[in-house]
Amino acid sequence: MVEQTLYSISQFYPEIIITLTLCVIIVTDLLIKEENHTTGWILLGGFVLAGLTLMLQFGRNESVFFDMIAIDPFSHFFKALLLLTGIFIILFSVQSRELNNYMHRIGEYYMLLAGMMLGMMMMVSSSNLLMLFLAFELTSISSYVLVGFTKQTKRSSESSMKYIIYGAVSSGVMLYGFSLLIGITGAVDIYGINEALAGGTEHALLLNISILMILVGMGFKIAVVPFHFWAPDVYEGAPVSIAAILAVASKIAAFGLLIRFFSVSFIDAGGLTESGSWQVVEGIHWNQLLGVMAALAMILGNLTALRQDNIKRMLAYSSIAHAGYILMGVVILAGEGISSVMIYLFIYLFMNLGAFYVVMLFYNKTGTESIEKYKGLGKRAPLQGVALTIFLVSLTGIPPTGGFVAKLYIFGAAVSAGWIWLVAIAGLMTIVSLFYYIRVVRNMYFYEPEETAVKPIRFNVWSNVVLFALLIPTLLLGIYFAPLLEFARNSIHMFGM
Amino acid sequence: MEFSIFGIGILTWLVFAPIVGMIIILMLPDKNRNAIRWTAAGATGIQVILAGVIFAIFDRSKLGINDAESFQFIEKYSWITVEAVPWVGRIEINYFLGLDGLSVLMVILTSIIALIGVISSWNIQKMVKGYFALYLLLVTGMMGVFVALDFFLFFIFWEVMLLPMYFLIGLWGGPRREYAAIKFFIYTFVGGILMLLTMLALYFSVAYTDPASGQSVHTFNILHMMNPANYVEGGLLSGVDTTWRYVAWMALFINFAIKIPLFPFHTWLPDAHVEAPTPISVILAGILLKLGTYGLLRINFPIFPDATIYFVYFMAALAMISIIYGALCAMAQDDFKKLIAYSSISHMGIVVLGIAALNTQGMVGGVLQMFNHGIITAVLFLAVGVLYDRTKKRGLYDFGGIANQMPKYTGLAMIGMFAALGLPGLNGFVSELFSFLGAFEAYKWITIISVTGIIITASYILWTIQRVFLGKTPEKLTDLKDLTLREYLAFIPLIILIILLGIYPAPAIELMNTSLSHLVDFINTGG
Amino acid sequence: MELTTILFYLFSIITIGAAAVMVFSKNIVHSAFALMFSLIGVASLYVLLYADFIAATQLLVYVGGILILILFGVMLTTQGHSFDFKTITVNLVPASILSVAVAAMLIFVFVKTDWLISEVAEPNETIYDLGMMLMGDYILPFIVAGVLLLIAIIGAILMATRLSPQTSKPDTE
Amino acid sequence: MIQWLAEPGLTHFLIVSAILFSLGLMAVLSKRNVIMVLMGVELILNSANINMIAFSRFTDLGLDGQMIGLFIIIIAAAEAAVALAIVLNIYNRFNSINLDEISLLKG
């Protein structure tokens, strides 16, 4: 037992490094009285170090901590994505003007960020329901506070309260679902659940109820209809950097968890059918359920985004819609489905972070988040304007940007699995999404700046470096994406693919 | 045919010369406008030279269409290959370019019109750098579509055109440019999504057996999609005359019909034309519309011969409506640009009618009409542009007696107008004649009704000539200057082509005859 | 009737009754106290389920900790007027319908389900076994729970403290 | 029926938990006072916990159920602490903890 614990620790370096970084930040925060982003740089170092140790683990496939945590390529992929997002978020945070008033508490900000990262990394690798719930709550609790970090502003406070209320309720419901699932199967880890359910079950109704309840919690985290209503308020109220991490990292983590949970628990051990789709444990219709949710998310997200003026709110609805697209991949779940989700998330990371980043840069300089006030910004800040255009075009899914490849791949997976109606909705909604994305572009370029603000906006070199770090992958992935496909494919071996 | 410069194939140069130009332009300082213009002219000039080389050495006897061996200037590199997955097989996307008789004329047209467009853009003053960068990106997209033989590549080039066009209309256009730009964008984007879904369905239905490894490989290769033997069993689009094949054909057809534009998908065109700046109108009418008919010929016809034959009457009927409707609408316009826009709809209808005949005559006539119409509308839009530059007016009733003030201009413009009317001896006549002859063989009544469109065309063009060029010159127009050297440069090559092809169309017909006959056989034998 | 049966019904009624009072009471202070009784009832049910340690934890953490927190919350967020203790109830009808439906459905399913009952012998004490598990199989959740509490403390302090006067300049909105 | 009533088993405990759960849901859905909503959440968590402990008593699950119950209590405590801190902050900003009065963000 001790041996296994010790061995497990040796497989757990990335998480341990982040925990240690958290401790170092606490100490540093006590010692250093200057109000600057030192702690942020420490956390950045921690993330990078964790990323390096993560790379050393690539290719391993084992179960540690008494089957609580799976160290496998699938979790490595998601952890790499999460750490990458975390690094970008820190780079955003150190430039954020919103945080300036809170410099005396900035240490806490980074502590919570570290906690959130730890939670998310465990979310994607947990194979035990308790561990999964703990990680889920660790992520949630840190993000509740982070959303309200700029607590002097009313809207930040309000969004954090809404977030914790919706979050607490939905995680409570999810927990109830877990308890039912555990009761039916008598197992607390997902492999045990699968074993207990293998070959059909007599408790189909109860199981479906429990899945419904679990979906409430997970749907909340990925912000998918009908559990999305928190997202617009929270994104609008939260500091941009936190809105970005919620839109990207927290979604990535939730998808990792969702895929692992559903594909391991409810897939019949028989594996694939002739047509290449998964055999689902008899009597459980979770994939139809998810399909409907995906369709609703696409429809509602895109249609509501049409009439938003606050750009963060618009991006929130757009991210709901994107959750719908990604969920399509989960619905299919056949090998292509999962790898298409992973590809989508990878590209989504760059394009969505990029959009949030430019929004933050503009907010720093102009203090506005209103799309109407973006008029003429393309002329005042050419580089940033072009970059935002490219990010939004990529979010729409027009080639030759990464967003197109992501959509292509996920649509392709859906077509090949025969979910034609879902693809048709997705295609239609992509057209709708064009309207609101292009509106921002139109405002930036087709109108002259207001007379009070015609001077060009200058950004420092540093912010441009970060911008290019997001822009280049977005464009490059639209043209050459073979390595990403390989990476995603190699990462799903754990499902026997 | 092998031809390469520095080890890079001629088609790659052709497609990416504008991109190189764009990158250079982006690095030039804003102020240095002339350098920017000359770079753009250089990039498109190189294209013209390359197109000339292609014209000279193109082997007129090769079949093309569905036979990979007989394509010319082939460049094929593996672009994205992902190794085997059990139920999907290997994924393969190629960088696959090639020319056959169908595309060669379009490539030549594109290079000419692109250069003319640069020349007529010379006096654009607003955001010169952005304008030319977007312009060159647009040219790359168009050229790419004409030479791509991989559906994925085709799609990428197809969609690359969208954004530059949106900005070019939306930023440099007329008063209602914003509306026109977004309308254009949405129409084409809707079509694009339809094409994307069809492309995916095709991809999963088509798998060829790799001779080297014996693996089953899914592919975007358009030529493989034409071979019925490559369709996997149980694929969505496998089989002949299935509902899904009809649906797929229809989705593609709608996409291309939007671009052509065929009635009832045409409503974006008048808006876009009216609001677009002159050079963009030239590009739009001269090349962009041809992408639609080209797409039908390259993708719809050979990949879905069964569905093509099934829908052929439908297509011919739409073409007929377009011809008549376009001509009637043109008659009713009092805006010069709108008039040409509607006449484009009418003329593109003739193209569709010709190719819908599914015989060699009609097909040759149709493709030739594509080329001719490109040249002719370019002249017409340039003509409008010249007047608009001088007077800032486009209304037909705003002018009169221009012939007295600008005799040389009038002469050139009238040649263009007579060519549009189909006057024998000018190029429009030849292609329209062929198209109608071919169509008459296939559908008597539709053709007969369509021919009345020609009469309407004649009347509105003559009426326009009368209103604009003849009669008394209004007071305010008495100080108009005749053409400048730059304007001559834009006009003369096109006028020469109009006359040359009117008298002796053989060089153009020779280029495509073999391929198109083969295409006709291919469709009529059911693939 | 056995003692356990009587106790079960007694505790159940306390739990559910107090919970109902909590939900339907108009006065938030009453609600808080009702919640306390409900939580104590739940703890007693745990005892009936042989979970003595959990019952003790329930009493300590819930009744001793969380409830006090809630009461503090109530006190700090009202200005002492009884008027403010009133809580408003909205969408009563849809909420009740939904809740009743959920309860009915769950009860129906629970009754219908054929549970695999395996009689467990009454353990003398669970603390030792739980402790061994905590240090064995559950070592990771144990540690992560520690981090979770640390984060929660940081977060709670961050949110609850007022900023010192010299730094608290309101943001421009 | 009487027999069934007289021998409280797994189902009985589950029924208690179901009722508790729906009461919690009721509070969450119908109350506008933030603290009341949080109390409703506590009821939901407790009902889940009853399930866990009941399963651990009556099925093969064993002590794992109790273990999970223990952790849930810890999580609930952490969540409640953060939630009430956030509520305090809200009160400082808005002078109210009524959900209807706290609605700057809409659209």
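To keep things simple, chains are lettered A, B, C and D as they appear, and every chain counts its residues starting from 1.
Simple rule for what comes next: a residue touches a chain if its C-beta (ideal position, glycine included) is under 8 Å from a C-beta of that chain, and two chains touch if they have at least 3 such contacts.
Remember, predicted model here, so these are calculated numbers, not experimental data.
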Chain pair showing more contacts of the two, A-D and C-D: C-D
Point out which chain occupies the most central position, where each centre is the mean of Cα atoms. A
Averaged-CA centre spacing for the pair subunit D and subunit A, given as whole angstrom: 27
Suppose each chain is reduced to the average of its Cα coordinates; what separation in Å results between subunit C and subunit D? 5
So, in whole Å, the Cα centroid of subunit A is separated from that of subunit B by 43
Between subunit B and subunit D, tell me the centre distance in angstrom, where each centre is the average of that chain's C-alpha atoms. 66
Find every residue in subunit C that makes contact with two or more other chains and list them. 106, 110, 115-116, 138, 141, 145, 148, 151-152, 155, 157-159
Multi-chain contact sites of subunit A, meaning residues that touch two or more partners: 130, 134, 137, 141, 144-145, 148, 151, 154-155, 160, 183, 186
Where subunit D touches two or more other chains at once, the residues are 14, 21, 24, 38, 40, 49, 54, 59-60, 67, 71, 75, 78-79, 82, 86-87, 89
Dump the list of chain pairs that touch, please. A-B, A-C, A-D, C-D
Would you tell me which residues of subunit D are touching subunit C in their complex? 6-16, 18-27, 29-33, 35-36, 38-40, 42-43, 46, 49-50, 53-54, 56-60, 62-63, 66-67, 69-71, 73-82, 84-89, 91-92, 97-98, 100
Quick one: which bits of subunit C touch subunit D in the complex? Just the residue numbers, please. 1-2, 4-5, 8-9, 12, 15-16, 19-20, 22-23, 28, 31-32, 35, 38-39, 42, 45-46, 48-51, 53-54, 57-58, 61-62, 65-66, 69-70, 72-74, 76-77, 87-92, 94-96, 98-100, 102-103, 106-107, 110-111, 115-120, 126, 129-130, 133-134, 138, 141, 145, 148-149, 151-153, 155-160, 162
Given the complex, residues on subunit A that touch subunit C span 1, 5, 8, 19, 22, 65-66, 68-69, 98, 101, 104-105, 108, 111-112, 115, 118, 122, 130-131, 134-135, 137-138, 141-142, 144-145, 148-155, 160, 183-184, 186, 202-203, 205-206, 209, 367
Residue ranges of subunit C touching subunit A (in the complex, touch as defined): 105-106, 109-110, 112-116, 136-141, 144-145, 147-148, 150-152, 154-155, 157-159, 163-164, 167-173
Which of the residues in subunit D come into contact with subunit A in the complex? 14, 21, 24, 28, 34, 37-38, 40-41, 44-45, 47-49, 51-52, 54-55, 59-61, 64-65, 67-68, 71-72, 75, 78-79, 82-83, 86-87, 89-90, 93-94, 99, 102-107
